[in-house]
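Labels for the chains are A, B and C, by order of writing; each one numbers its residues from 1.
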């Protein structure tokens, strides 16, 4: 009994320590990116990596989700005789909720895990130490471009997701089920407001920061975590944890942001 | 300042509740080659990490070229590091860059030299470690020995005043190992470098060391010239030099019990 | 670093002195390439060089290659001990042509 409580206690303490470290990393980086040399080219490179790595998955999942939404909404709306609002329903769901959340989750799987693994391996093979000893600040050189790259890429990917998802809904509703094109498109234009778009944008920017930060911190601080000395297995555990924690955080923040901005 | 490049005073290092280094104090003189030796677990790697500024000790001071690195700001530490070169045990080359790009990184980050100058400097250093034909290879395409040589080229690209080696000969064939020893001696003479080598390869030690520091169980056993160390009467040192295997003094009954515990 | 360019009849002499490290080598590089670009053979007087690092050596190498391409004579005069040690270390002592006096160089032009 005592053992369970003490295990729980150490678990919580470890969690708090990690949150503190992660937040600390964010502050350090925010401070350092404001000082020269500015890592412009590495940032562009990271935007490309994170964006390019995830583009296929975003398009495929976007179209699929859009089609699923089209299907399900049509099904429900038909019972109430309101298929005319299909366009609005799909568009609002995508723009406010599913776009930001699904984009973030897909990017975590594709780019986030890769980032965590890359930094973790660099840490255990002393590459991070080598940078330190060359007077090159590893948080500025390695982590900062990834963080900025994530904050820029995720909203851009979100935009792509939204477009193809709405297209997917259009395909199912208008092409397959014969909903009038006019009502789909005009319904969408009428009901989507700037506040909806703004909500989606704020969410995707925050998610971008959140998932990149968590994945970077998990990899970068691998040596300070409880599996830091486990070599390759440690890296895979850190990566799995990073993916799980990022995903759950996204879902949690989704609710918080939604509640605060309504 | 004095003729010492590095002064270590009362260094104490703990990892959690384990004390790894106890009251280490010694000097490393400018322009000398100091070899740090000791058995496994003696604390050599920890001492090296402290010297590199990668580990802050529990207490004590390390004065390096005038700066106390244990109490220095990051800016001061970085300034000092531009005069230091480190060759890590497994190379620690950046796997996303070619050998040449690895070596050039400090030049690109810290100097305004022309592209052509950077290229020529890189090739000069590669030639010094016999790696010139491999400048465009990626680290994953190198053997262990080649990776260590590339890492050395990277460590000396900025002509540092202080050079650190972590197990330089581990994994190298005897000829390459001897060539490396030659190079270390030449670096000391021509570039006036102070060189710190952590190793247990005995042959290299006596070939290159001006002085040797021997650690045992986290304490400094002795610091002296190779002659003094060879003539030491300290048991640990004698065993280390003679490569005496550790004794297994357990009586017969106890040993039998250990072997068959929980088996019946 | 001290750096002074002097013109003889059919060649230039670049007199170097002091310590040459990566703060000064871009400057050195300019001083070496300028006369070569004008088609003047170049002799570099290294007598008073107390220290030269590999960035300085790299500039000397680049000068040599430029001179070679332009078929101009190029050499190092009265190389100081510290500089010779660095040249030996970097295995370039066999690459450069080293002269003890200016007449030897003049004979090569």
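Quick notes
Simple rule for what comes next: a contact is a pair of C-beta atoms (placed from the backbone, for glycine too) under 8 Å apart; a residue touches a chain by one contact, two chains touch by 3 or more.
Since we're looking at a predicted model, the values are computed, not measured.
Taking each chain's centre as the mean of its C-alpha atoms, the one that lies farthest from the centre of chain C is A. The central chain here, found by comparing per-chain C-alpha centres with the mean of all protein C-alpha atoms, is B. Distance between chain centres (mean CA atoms), chain A to chain B: 42 Å.
Chain centres here are Cα averages; for chain B and chain C they lie 36 Å apart. Distance from the chain A centre to the chain C centre is 58 Å, each centre being the mean of its Cα atoms. Listed in rising order, the residues of chain A touching chain B in the complex are 37, 122, 125-127, 129-130, 132-137.
Interface of chain C with chain B (complex): residues 21-22, 25-26, 29, 53-55, 57-59, 61-62, 85-86, 88-92. Residues of chain B that touch chain C in their complex: 111-114, 116-118, 120-121, 124-125, 127-128, 157-159, 186-187, 189-191.
Against chain A, the residues of chain B that register as touching in their complex are 52-54, 74, 78-79, 81-82, 84, 86, 88-90, 92-95, 105-106, 109-110.
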